[in-house]
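Same chain, two partners: chain A is paired with chain B first, then with chain C.
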Partner chain A sequence: MAQEITIKVGFGGQFRELTVRIQDDDVKPWQPEDRLHLIGDSLPRVDAAAKVTGTAKYAYDQQPAGMIYGKILRSPHANADIVSIDTDKASRMPGVKAVLKIPDIFEDKSARYAGAEIAAVAAETEAQAEAALRAIEVEYDIKPHCVTVEDSRKDGAPQVGRGGQQNVARISPRMGRRGGGNGDSRLARQEAAVKEIIDQADVAVEGEFRTEVQTHAPLETHGGVCTWEDGRLIFWASSQATFGFRNEMTSNWSRVKAKECQVLSEYVGGGFGSKFSAGREGVLGALLSKEAGVPVHMMLNRSEEQLSAGNRPDSIQQMKMGVSKDGEILGTRIRSWGTPGTGTGGAGAHNDGIYNIGETDKIEYGVRTNTGGARAHRAPGWPQGAFALEQMMDMAAEGIGMDRVEFRKKNDDHPIRKVEYDIAKQRIGWDQKRPVKGPGIKRKGVGMASNLWFSAGGGGASALVRITKDGQVEVRNGSQDIGTGTRTVMGMVVAEELGLDLEQVTTRIGNTDDPKGPASGGSTTIGTVTPAARLAAHHAKRQLLEIVAERKGWIASELDLKDQEVYKVGEGSLNLNFKDACALMDDDAIEVLKGRPRRNYEGFSDTNAGVQAALVEVDEETGEVRVEKVVAVADAGKIINPMTSESQVRGGVIQGVSFALFERRVMDRQKGRMLNDDLENYKVLGAGDCPEIDVVLLDVYNGKSNTQVMGLGEPPIVATAAAVANAVSDALGVRIYDLPITPKKVLEAIAKRDAARGTSEKKGERL
Partner chain B sequence: MQDHPEDTPAKEGVSRRSFLQGAGVAAAAAGISRLPAEALAKEQAETDLQVLGPEAGQITLKVNGGSKSASAPPSTTLLDFLRNDLGVTGPKRVCDRGSCGACTVLLDGKVVDSCSMLAIDAVGREITTVEGIGTPDNLSHLQKAFIEKDALQCGFCTPGMVVTCTAMLKENPNPSRDEIRQGLSGNLCRCGTYQNIIEAVEHASRTGGK
Partner chain C sequence: MAMQKPELLPEDVCPCLRTKTMLLNTEYRRSAFEDSFTANTAFFHCLRTMAYHGPDGDDVCPEGCRPGRQCYPTPEDIT
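Right, the complex of A and B next:
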């Protein structure tokens, strides 16, 4: 069943009417002329007091009575088969309660990266568990390894996989419309066609770009605390997918096969895409607890987190682009390689999105290496893709002598981004003169880059709203808030619908005994959960108003709730406050469970878009790059809470600057191990390097759902490193093709520039 | 006790101890002092030599104004003792080697990384964790500023940040933006709340602790 409604869509005072079909029981999206009392206000997070006082209990902090500690033994070798594991001595060590061997549980007798799980123990204290790990004797059949893309691609490289698996696999052939026929012959024809376009273009530019492996490094590591009660598994998990975690414990294919499981993730110390799965540590925790018969605390330590809990794959991206003199991109050739660890999936780079890049010939390769596996990482594939694409955009604009921003506008038809370019340009001071400071030592430059996302959410969530006779309101959804502010925003939507203050609504989240919610993935949580929460609140309100109407002799359809009171639409207050209205109930409470309306409407814009501009200062003497300012113009549909939205954008920008300047997994090619599996040698950006971040949020009535919200976790990280790289190039007059942009690379680039100009020979010698 | 060779006046002209002391002074001048745990342990050892362990013994600490006691081996770090033995879980274990500041507590009012010192070296000293700075019903001025400025996202670094900034404002009630950045240099946040934290400290400083 559906109903047709007419809504306004657009932004910035420019709206048009659109007729959309919505589910029969759905409510109309908030309209530009609606007077909203909470939506759009910067309200503090509802869980902020718990977080600033240390009373927020994370999985890491759980200490059920009788709890013992689980630890995992990991392979020191990058590529080996396990011949035997002797745990006899370990199981007799003091305090040891349970011992497990990985091949017995996962049917995997190989250890294909240094850090792979071999065995696990649980003991009364952490020190006892660690001592027991040291007593486990393992015999390995050690094989040669390769830990970099270059090594793995060489002829005769050691085989990473087992059986007939090749190290390099084509993961995305992208067929153009000149295709026809099958497979390789189609690719060959497309390659020839695009080559011809580029060859005949007025100008062609090309480059090879590289990005490094970035670990997620959430401050709370992976794992959790679990206990069994009468066959029911209770798991306090550091998870960004509570229901997915539960399924991993209860499904038929699960190794744990719990009949029932409750996952609790009230507070989660960051995820960034790495915490969708329970992981081996989750399975081992549950099984150790079952064997020991007591609760087990199984959290990874920092080294394990860095080695085995996920990362963003690296990339080598070769791009060639043909453009016309008037600024149209005619054709683009792309080849890319990346390693997601021992597999090949997820190593692609989104370097062909965002702009119209003409006829495209793109092939991506996944390369197996003996390294810890990749996981989805905040906009998977996009920051590395943008790093290459956006530099190509600048190179092409420079090649035809066109302004860099005008060139982007010409090859971009996103309705929102078209407006965002000028906002970014103006706020970063794009056209200002930036005089060189000192005797040619410190140079400033600006760069721009764009992002695109698809986060209107979808089905798969329900919310329960409960209004009690004594006027208490609670909203429940079992998904999680990993720091994004979902809990707060869900409460705001319900409070808005009921005409209440945020403090009057209790929000429960992170408990799989509550209605189903999505994983925090694809930035879809908020767009999935809030329409369900609003719908449940709306129908709870209607039920309450039916009761009020019946008891007072009013007409329910004429009533609504606003400013803590019942009022008559079009007339005003009826002098009955919310609490007294609730007291009219016969029953203890009204409870309404509503699913997320199934479809997104055909709205104003199916994607959300952003533009970022960076201002950098480069010290030509030391090679140090300082990002002074980033302007981030972002669209996330209707903005519910500007403050938490802004925090999301700032966070994305900060991780992007960190990716641009500092982050890199360093592998020892001889030993096959990660050298910086900690937080002192794996550099992440600190307060001293944090730029000023100027966030501009567009409030877009996109008409996609009854709340019109789009998630904002991922989009802001896409453009940042690319904008920084373009700014560095603008400052120096020479381009840096590899991340991170370290002082060494900057000095090398300056030396090359000066050598080419044939000017400053002294500087070249100094290197 | 004999000095280590590097503590005797050496040719280089700078001793290990004077270097550490100097580092402390530099840090204090920058707006905040972070006592090197090694220096503390050494000081302790010089005044109070006794053999402990390896088995567990009773350790009593002054935590957040009260006396708390539990049995633990002398090799237990202050952080693990607070969390695992006393159930004080505000301080977090993140890097476990003094590079992230999530475990920051105050020791006689000075910030220390509780992961990098032993519990027995904190005996007799006043230990303040985030729980001792304010409670949800009785928030400190700075904690209120953190909430108001959204200086937290996932919240896992927040206890360490709150403790560090509390000490920072005590030593320097009117820090400049650069001094705040410098003061935060021992604390990592992965969600990206630095700018909000800086704004929160500025806000707390401007409104003068009232």
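Right, the complex of A and C next:
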């Protein structure tokens, strides 16, 4: 059953009416004229004190009685098959309680990268477990390897995979089920058509752009602590998918096959997309614990985290764009390559999103290398795609002599982004003159780039709201908070609906014994769980008001809760506070479980936007790039809590600047090993490198759910590196096509620029 | 014994196949196997190997993890 309602959608004081169909028991989205007492307020996280004082217990902190330590032996070879593993000596070592061989557990005798799992041990102390690993004897059949895209693509390159696997495979458009055809002739026709468009365009620009592998580097590494109690597996996991983790432990096809499993992830020290699966470490932890009969602590160390727990694939993106003199993009050709490690899938780049880029001819290839596998990484494919696309946008604008922002507007239909451009432009000082500092040494520049995201959440989650006779309120959902502020925001939504302060609502999350919730991915968590929480709170409130009305002789439909009191709609307080109203219950509590209402497909916009502008200073003597300021204009539907929202945007910008200037995996091509598998040599942006971040949030009534929340965790990282790169180009007058933008690359670009001066430099052409 | 499939996994795709989008909300899950959406940035892994290759060493992907593949599980594999 559905009901038809009319709502207002829009933003910035510009609203229009829209008639939408919503689920019969759903509540109307908050309207611009509603006087909300919590929603829209900047409130500190409810768990902030616990986190900063150390009382918050992460998976790593768990210490059940009798706990021992699990460790994993990893391959030193980049490409090998396991001939034999002798664990006899290790099994007899002091303190050793369990030993497992990877081929026995995972039906896998290959070690396709240096760091691949070979065996696992559980012992009473970490030192004993490490000593036992050293006692394991492994015979390998060592094979030649290649660890870079360039090496792997060469004719005669060593085979990374097994059987008939080629090193390079087309991943988009997807190959047909049997590997052939799937419209190859259609692709050829499209290639020819786009070539013709570009050839006939007024201006054509092209470039080859490269981004490096970026590891997730969460502060808390992967893994967890687990124990078995009467056949039930209890796993304190560092996970961004509590229910997905549980499924991997209980599935009929899993290695663990637990009959029951409880996953607890009350606090998670970051995931960024890498913690959806339990991973081999999770399975090994559970099996070691089962064999040893005691709890096992199985957390990766930092080296293992860097080697085997995921990364953002690198990319080589070749783009060519044809543009008309009046600024319309007519056609774009894209070819890209990237390595997701030993497979081929997942290494694409979203370089054809955001703008209207005309007829498009795009083919992407995945390239196998003997390196640790990639995983989803905050906005998978988008930051690397934006890095190429946004530079092409600047190059095309320069090619036709058009302002870079106006060129973007010309090729962008998004109603929100059109406003955001001007905000970013004004706040970064786009049109200001930036005098050169010193004798031609330090130059400043500005760059702009855009975000795009597309999630308003969806079904499959439930929330339980409980109001007790003594006035306690609790909301429960089993999903996790990986840093987005889910715990706080869920509490705010329930408190708003019940007319309470946030402190009066307790939020329980991160426990699979509670109602089902989503994995934290695709920036969907808050958009998925808060409509369920609001709906459950609404119906719990109605039940309470029915009781109040019956006991007081009032009419329930005329009552509501506000300012911790029962009031009569249109009249005012009835001098009955929330606690006294709860005391009228005959039973000890009201409990309402509600599923997330069906998504409203109609709304103001299916996507949220976002624009970022960067101001950089480049030292031409040292090559150092300093990002002075990033203006991040963001929208995410209705902003529930500006403080936690800003925190998301700041985090995305920081990770984006880090991607732009510092981060890259360094592989030893001869040895086939990662050289910077730590956080000393793998450079991540530090506090001293952090720019001023000016966050501007637009509050959008999009009508997509009863809380109208859109995704915000990922979009803020999309634009940052691209905006920085464009700003560097603006400062120097020469473009840098490769990330990270290191001093060495800057100095090389300056040298090329200076060498080319005096010749007829073509705008947009790579020097 | 009938093989119970994870929710929304296409009928003839191996039940051991997993990917992130299967764990998100229902709207997202539907897109997990569409070409146009996440295909080029999606990662698939196998529950048996917990890796991007299956027990037969070949890639894990919706196109490849189908009946007829050597490692495609039978009901007996559940026990």
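Just so we're on the same page, the second predicted complex is superposed on the first by the 747 of 767 C-alpha atoms of A that agree within 3 Å, B and C clash if a C-alpha of one lies under 4 Å from a C-alpha of the other, contacts with A are read in each partner's own complex, and residues count from 1 in each chain.
By definition in this document, a residue touches a chain if its C-beta (ideal position, glycine included) is under 8 Å from a C-beta of that chain, and two chains touch if they have at least 3 such contacts.
Computed from a prediction, not measured in an experiment: that's the story for all the values here.
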Would you sort A:283 into first (chain B), second (chain C), both or neither based on which partner it touches?
-> second
Mind working out whether A:455 is in touch with chain B, chain C, both or neither, as first, second, both or neither?
-> second
Touching partner for A:159 - first (chain B), second (chain C), both, neither = neither
Once the structures are superposed on A, label A:57 by its partner contacts, choosing first (chain B), second (chain C), both or neither.
-> first
Where chain B and chain C land on the same part of chain A: residues none
Given the complex, residues on chain A that touch chain C span 106-108, 110, 112, 161-163, 165, 171-177, 179, 241, 243-244, 247-248, 251-255, 273, 276-280, 283, 340-350, 364, 373-376, 380-381, 455, 457-461, 518-519, 521-522, 524, 528, 596, 599
Listed in rising order, the residues of chain B that touch chain A in the complex are 73, 75, 80, 83-84, 87, 89-97, 99-100, 102, 129-131, 133-136, 139, 143, 146-148, 150, 152-159, 162, 180-182, 184-185, 187-198
What residues on chain A touch chain B, complex-wise?
-> 42, 44-45, 47-58, 60-61, 63, 125-127, 217-221, 267-270, 272, 301-302, 482-485, 643-644, 646-648, 650-655, 678-680, 684, 686-688, 690, 692-693
Chain A contact footprint on chain C (complex, rising order) | 3-4, 6, 15-16, 18, 20-29, 35, 38-45, 47-53, 55-61, 63, 66, 71, 73, 77-78
